[in-house]
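Chains: A, B, C and D, in written order; residue numbering restarts at 1 for each.
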């Protein structure tokens, strides 16, 4: 089982709230607790906090980064996928996740939600984590109503929701 | 100057209104009238209608398709870019456009709007063309308010808006 | 018809011979003479010289660049495809060519030959243009002998060879 | 540390020798023994055998597949990266490897060697494993002589060679 965590990157243009980073940390921790692999974009902010949470719980983390070399990955990635394809690696993050949990996030996070929506992945936005998680949580992204972006208040139930919906893929 | 036209693909899951296809056709025609190159995803529906409009006006059209061979492009592409990278070619469609006009569209179109938003491209959604053009037109896609998706009722003023905002890139 | 021209980029690590650049220029000119669209990687060196040759003959050129914005393309591209996917755009250059002509070139050019070989595109290496064109021209790239990289001394017969092999794809 | 294993995919067009598959298995086993993560293209043939070898030794394997969903990965991948970008995922396999070991292989394997060569990754081709490993092993891929593709007779010394050259990247 591979669960994607998506959300804000560290950036000069926005200050991520500490509560958002804590939520990301808890999401990562709970993914590890449930023995799932944590997939992320491998950079800072929400990605880094969730990876750290997973590592503190003994989990395994994979960072799928835009760059062609390893140096930009955060320190809590057990494995790094150096895509070299820039921001379009967002597609790979979503495609490589059995389910997706969003914590805050800007338009890059929205792209990952779109890809998940397109392929009908189970997705949960953490309530009150800010950004696109609050803007698009509880909604369908287009008129085809393919799959609802669920919302959950807490990381534990977010992870449970994903697990409850992804029992189908057997071996991973 | 390269102007992207994005919107519904032909699909069994949704019936595109004839008025939407007519709007796409007129957008293509007006892009050609103003001597801009029409960029699109090269497939059916809005992409095909806009390419046909441009060709009927003697314009030049480029279709950037998901596939690695030429066979899936619509018949009105003067040149076909066979990306072979699947749906992540949406990034290339948006990146290769100086400005973007959306006509209807589902979540794939939303991804292209997101990429344009991320890179602050001028973007116009045609009013009453349905889909994500009506849902997201007039809005910012995230809390950073990077660039507004403008709305215009008619193809002529949509093309004029894009041209008015893209005088900066000189040579193309 | 879309013909790819591949070869050396301008670079500090190697001095491209003037005769190689002249060959590239002539290849471009002859592609334009035969009303084919010239596809290239859109940067300097062989790419730039071939584009200039095509433009001097009134042809149409498309540069498929690694970058996500237009600024790095050479000045002789009528249209620029901003892939944003870095060096893996080599796949798109080869996939978007009905046939490929190589002039000199390093390992990036070899990758494009490999992609053409994989998909059995007609390919010609210009003799005495240096680099991988001379190393791999006249050879099969693996033991499956999928398609021979032909060699021709002069640009005219190189273009003729490609045209003779690509009559099949009708409309472009 | 992430070590890439590249080589033949299972295919109807070529029969892979059992000795080649055994070499791949041993390479995988030795990568696991040395606690490195095995990176591969995630499909059949050499990729599958090397993953199986690593798993039998208790190692960790990542398959970076062309497809956008999980179903095509071989059964011995602990994690699957669903790129959805087709064959250009070869770039990601090579970029995500600190060093690369090739076992047999066709032109796709050659592309991965080219990418490793371009970025000066340590690379070893296993002698007498067939295909491009024997054709290009012991050679430079272009005239710039960036990095030699080393050759080794046995999987143990191949893995040792890679490890000896990749002490630099610390944390992974």
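In this text, a contact is a pair of C-beta atoms (placed from the backbone, for glycine too) under 8 Å apart; a residue touches a chain by one contact, two chains touch by 3 or more.
On a predicted model such as this, the values are computed, not experimentally measured, just so you know.
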Item checked: Label of the chain whose CA centroid is most distant from the centroid of subunit B -> D
Checklist line | Centroid distance [mean C-alpha coordinates] between subunit C and subunit A, Å | finding: 40
Margin query: I'd like to verify one number: the distance from the centre of subunit A to the centre of subunit D, where each centre is the average of its C-alpha atoms, in whole angstrom.
Written below: 29
Margin query: I need the residues of subunit A touching at least two other chains; which ones are they?
Written below: 68, 84-88, 91-92
Margin query: Using the definition of touching given at the top, classify the network of chains in this structure as line, ring, star, complete or other.
Written below: complete
Notebook entry, point to check: Within the complex, which stretch of subunit D touches subunit C?
Noted result: 13-14, 85-88, 91-92, 105-108, 110-111, 114-115, 117-118, 130-132, 135, 141-144, 146
Check: Inside the complex, what are the residues of subunit D that reach subunit A?
Finding: 2, 37, 60, 62, 64, 68-70, 75, 77-85, 91-92, 95-96, 98, 119, 169, 171-172
Notebook entry, point to check: Can you list the residues on subunit A that touch subunit C in the complex?
Noted result: 68, 84-88
